[in-house]
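What follows is a set of structures for review.
Both of the next two complexes hold subunit A, though its partner changes from subunit B to subunit C.
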Partner chain A sequence: MSLGPYLLRRFGGLLLVLLVTSFLVFGLLYLAPGSPLAFILGPRGGTPEQIAAVTEQYHLNDPFFVRYAAWLGDILRGDLGYSIVYRQDVSALISSRVGTTLALVSLAAIIISVVGIAVGTFAALRGGWSDQLTSTLAAIGLSTPSFVIGVALISVFAVGLGWFPTFGSGTGGVDTLWHLTLPALALSVASAAYLARITRAAVLEESGREHVQTATVRGLATGHIVRHHVLRNSLIPIVTVLGLTIATLIAGAVVVENVFALDGLGSLLVRAILQRDFAVVQAVILVLVVAFVVVNAIVDFLYTFIDPRIALGSRQ
Partner chain B sequence: MFTPKPVFAAASLAAAALLLTACTATSTTDEEPGLSLDLDNLATTTTPGTEPVDEVKWNLPYEPMSLDPIYGFNYAENTVTANLCESLLRLTPDLKTEPGLATSVSQPDDTTIVYTIREGVTFWNGNPLTAEDVAYSLGRQTGPDTTTYWSDYFLNVDSVTATGPYEVTVKMKQPDVLFTQAMGSAAGAIVEKAAAEADGEQFGTPNGNLQCTGPFSLTKWNSGKSIELAKNPSYWDSALMPKVEKLSFSFIADESTAVNALRTGDIDGQYFYLPPAGLSQLQNSDTVATAYGKSFVFWTLAPINAEGPLGDQKIREALSLAVDRTAIAKVVFQGVAIPAPTLVGPDAWGYGEDTFAKAYAKFGVEPDIEEAKQLVADAGSPKEPIVLAVQGSSAVHEQTANLIQAAGQAIGLDVQTKVIPVEQFGNLYFDPKAREGLDGFFTTNYADFADPLGVYSFFHTSNSHDYIGWDGADAEIEEALATLDESKRAELVATIQDKVTEGLPWIPLEYEPVTLVQNKRISSATASFAYLYAPWAATIGGVK
Partner chain C sequence: MTIPSTTSLAVADVVRERRVRPGFARTTIERLGTVGCIAAGVLLVIALAATFAPIVAPYDPDFPDLLASLSGPSPAHLLGADALGRDILSRLIWGARITLAGPGLVILIATVVGVLLALLAAWRGGRVDTAISWLLDVLFAVPGIVFGLIAVAIWGPSLATVVGGLAIAYVPYVARVVRGAALRERNMPYVSAAWLQGHSGTGITFTQILPNVQPIVVAQAVSSLGFAVIDLAAVSFLGLGVQPPTADLGLMVKSGFDSVLRGQPIEAIAAGSLIVVIVWCVTIIGDRLTSSARSIR
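The block that comes next holds the complex of A and B.
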């Protein structure tokens, strides 16, 4: 399939996914008990008249389909809606946070791919003692919750050694990079460990294949064999896992965002869900779905580079 | 005055991290003499800081929802607005009041209050403060359509009029001693009429243009990230001219991160309304100084189900008698709490001190298990469980609930707990639907000024805080609210306190001092509860 129709098909799929997810999320939120009233009326609550007025103003008691249709109509006009909890436009809330999340996830993605692939390859090729050690480390990394790692990193590198700041996302540029190093590390440990195991398995499998044995028998340099015959062929499972991991990092960053007091989309989403702030939840979910689809499209593209036999959008 | 303390951003997993830190913290304190606070020596101010400072970085436990004073009724919001928007009266560090934007107040009769507005005060944009701004700021909180969080105080206000260029007259429908005192809280904060009208709903949000008269002005609110304040060089009160050029606020919700940021100096200070889990780390740190200040805040168990076991006064009495308040202060609050025999503590006796002292001495905090058992038996030993709502991700809630559970067990009551997420906890205060299946919840609460009636007026049947419809002091409360004479009012309020403490519409547990942590390079922030309503950062200065 050539690029044009492929993009068109992807875009159509994206719209469908967006519609279905938004409907599901809206429905689930609607069914869940609780309301945003406390955040509109304030801690003292209000008189029954005030409660009725607010409920009316924000259509809190309207039937499900009426509310969903109203939200959908706004979206089609390019209006992400208004957060009744923050008294702000949702687009403003999101745009001020999307940068932090993007930087954090990109940094984590780099760490995950570099560390994961390097460690996995190393373990598979060296075997024996090194393999045991890295496998054990990977198991520990996989089973340690990210907030524990976050707290430990802060204690050692921020409080103990004073190399990094304890919290926040910095003021941009290098400062942001400096601020986000510890959070990105905390965020990537589990995923890097997972990727290392996948890489190790894929490399081991490829190393035993006939073309690699042939190359070895022909006396080609080990480095050449690893780069061109082993790694190249292991890349399909690696890239697949990497793509899925990165897409889930965006929402999964919430715990790390909390520990490091970062202004990201993850914590905005979780808070909005608990506050029943429908417009914000919906908008963040849309961003997540778009990110997920985009990352997967990129992975699809990469497939065609890694293995030219795979056609864009094919089911192979 | 209720304060559900929505510490919104704490996620439950992060809270688990807190618990981990809590374990370590407890093991260290075991070796040290336990912190024991004396009501008589709580701080009001801290050692003077005299040097100019470029920037002070302060932390808030969560991001404010709004900086408009009419929506400022919670810890983080008030911590910021106290430096921005001034009230007609000013709460002093020793919790008394002095003239603020009103130079004098007169009451020609019981239902008329005349405020003389201070001349020569300007808003940050240079416009002069006029009676129109004052009338607008109070007027917008009056009437059935107002959305102010302070509506309780404005219930009896009939009209607010500018009766001169510097004179505002408030007409009351009936005398109300709470309204006049509330003008020292954020309820009496003055904003510029023109700015508020121009902004509409955006006023006080990150996109709005807040306009007030305080010693600091709002520079920028980066949604989700920080709030930045700058010194107001044309501030009218030279005694409170800031020594700090820039005051910025971060929003670290995770307590262990906040404690770490304080220890490293990444932030310069924070007020804690409940002692943080890592308190001992702060006390042992060379970087920061910790002070405990006078406060109106108390910790209580509010029964909410009149049909359940706690609807029975005997069961409430029994539970109250069985609770070991000294143990709660030590175990749950790491010593930073004072066992409370009555709901309102001595710091809130703004008048009639002798009367209140005598009334206070009638009650004690010693548990009496035998008598409690007898009361349970008298009440027919109910077998239904008592379900207490516990705020998610709060160690203080959970640990208090555990101790109360144990106390219940000792006298044959089946106490259970149910976790409610912090974001939904606020609904318990006024939404009967949210309270279904629950018998009680824990909360901090406070009077906004030094009058115990500010709290005891909750227990009039018409008040939204009287969850179980307790009506044991309705007549006295009505009379006290209309009694302007302070010595007479003290007698009435003391009687109300007797009845409330016996009837237990809420069960008193602890008094909570303010915990103030400051980096040692600065000093002089207000240490008392006044930080919520008066410019606490104006006195901060550098230490040589």
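The block that comes next holds the complex of A and C.
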């Protein structure tokens, strides 16, 4: 398949999945017990103006599918609704918090790729007891929930040693990086351990291949062989796992942001759930799911650039 | 009419003969290996202690001994007491109950639903298969823990809501693997043989294909259990799952976190480590079962 039609098909599939998930997120309101109006206004009751506003925002006087189309239209125009608790537009709430989550996830992704690939390659090439040790550590890292690591990191490095701040996301620039270091570490451990495991297996398999033997016999430097022959060929499983991991980080951030009291999307979501602020819940879940789906699609597309042997659209 | 009946008799004999195999305990031990057996042993001890919590736990998990509040280990309280003076060891034992039973229920529901969907997709093929695979793709498009959060957002925070939400999240993980395995079995000659003998599709699926994919089902269920433990504990930690004062390991990490800031880390360390030990054991067993299920074919 050539690039144009492939991209078109891929993009079409992506749009379809997004359409279905948006419909599911929209449908959530109608799964809730009681009438949508009572559910949104909750125990707060509501003044006639509020009732009118909610009815207008959710188009409650229209038939079901007209409601969905209108809701989707609002979202595409950037109108994510109005938060009853914050008395603010949801899009404003989200845009002021998306930066923190994005920074947290990016920092964690960098840590995961550097540590995961380095440790995995080291374990595979060194073998022996250092391999045993890293495999054991990886197994423990994989079994530890991010919030446990977060609590441990705060106890040791923030409360005990006082090297890092305990809470909050800082005032920007280096200060933010400083505040986000521990959260990003907490978010990375399990995924880095998993990536290390996958890298180790891939590198082990690749370094047993004949082309590597040939390179060794030709007298190429070990570093060159590892970088250009072994790692280059092990990239497919590594990038697959890395991509899936970054997608799951988006959900993992929900937990970590709450441990470290960061003002990101995750803490907004949890607070909104507890306060029954439905417009915010709906919007944040939609943003998380869209980000998750889009990242997965990008990874899928990247395969073809990493390994030209893979034909566009085939999955091997 | 004698010929068909003898044929089916012979087949029945073969089927009966295949069922004579080394005992369940012995094959399981062989599949697990040394490390896997140790992990299974540790998990068994934790599970037994949790099951018999009313007998094993030294104190009532909810009894506040305010004089012992935030005290360290002592002969009276082996692991000390939490901020409200409740015995930490007793709360760990009671907490392990929910931490094992909740995710167990999640995986049980997800496995039953996932296996039924997978077998249906594999047997019917065609449009049914396309529709089911597409449904699984959509479910995959939502990260697991988000299902738990969505359920809580609609039906309010409680263990039951989170278990329901997470069960849906784990269906595609079971279904996709089992569908692949069942498709492979479906194309085997023994399935066509059974079909030619006039067995029904449902009969073949449940008496022939299901027993043959069973090792993969079990391996996938156990592997997913580890992730379910983490997800459920995380949701409780966020305050959206199990509600206080019920003893739960995720909640204990949270309340222990407040005690850490007041200089007493034991509760957080104990509850956090118990979660890690449980997940580690489950993951090891899952890994062993997965690799032995792969090597069978």
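Here, the second predicted complex is superposed on the first by the 223 of 316 C-alpha atoms of A that agree within 3 Å, B and C clash if a C-alpha of one lies under 4 Å from a C-alpha of the other, contacts with A are read in each partner's own complex, and residues count from 1 in each chain.
Note that a contact is a pair of C-beta atoms (placed from the backbone, for glycine too) under 8 Å apart; a residue touches a chain by one contact, two chains touch by 3 or more.
Here the structure is a predicted model, which is why all the values come from computation and not from measurement.
In the superposition on chain A, A:Ala215 makes contact with neither subunit B nor subunit C. Of the two partner chains placed by the overlay, only subunit C lies in contact with A:Leu142; subunit B stays clear of it. Of the two partner chains, subunit C is the only one touched by A:Ala247; subunit B is not.
Touch criterion met: A:Val270 reaches subunit B and subunit C at once. When the two complexes are overlaid on their common chain A, residue A:Val115 makes contact with neither subunit B nor subunit C.
Residue contacts after overlaying the shared chain place A:Leu153 against neither subunit B nor subunit C. Residue contacts after overlaying the shared chain place A:Leu104 against neither subunit B nor subunit C. Within the superposed three-chain model, A:Leu28 lies in touch with subunit C and out of touch with subunit B [touch as defined at top]. By the touch criterion stated above, A:Val255 is placed in contact with subunit B and with subunit C alike. Subunit A residues 33, 145, 147-148, 151, 154-155, 159, 166, 254-255, 258-259, 270, 274 lie at the interface with subunit B in one structure and with subunit C in the other. Those residues of subunit A that touch subunit C in the shared complex are 17, 20-21, 24, 28, 31-33, 139-140, 142-148, 151-152, 154-155, 159, 166, 247-248, 250-252, 254-255, 258-259, 269-270, 272-274, 278, 281, 285, 288-289, 292-293, 296. By the touch criterion given at the top, residues 137-138, 141-146, 149-150, 152-155, 157, 226, 230, 233-234, 237-240, 250, 253, 256-257, 260-261, 265, 268, 272, 275-276, 279-280, 283-284 of subunit C touch subunit A in their complex. By the touch criterion stated above, subunit B contacts subunit A in their complex at residues 1-4, 6, 8-11, 13-14, 16-17, 20-21, 65-66, 71, 73-74, 144-145, 147-152, 201-202, 205-207, 222-225, 250-254, 256-258, 260-261, 263-264, 266, 421-424, 426-427, 429-431, 433-434, 464. Here subunit A touches subunit B in the complex through residues 33-35, 37-39, 41-47, 49-51, 53-54, 85-89, 92-93, 96-97, 100, 145, 147-148, 150-151, 154-155, 158-159, 162, 165-169, 254-255, 258-261, 263, 267-268, 270-271, 274-275, going by the rule given at the top.
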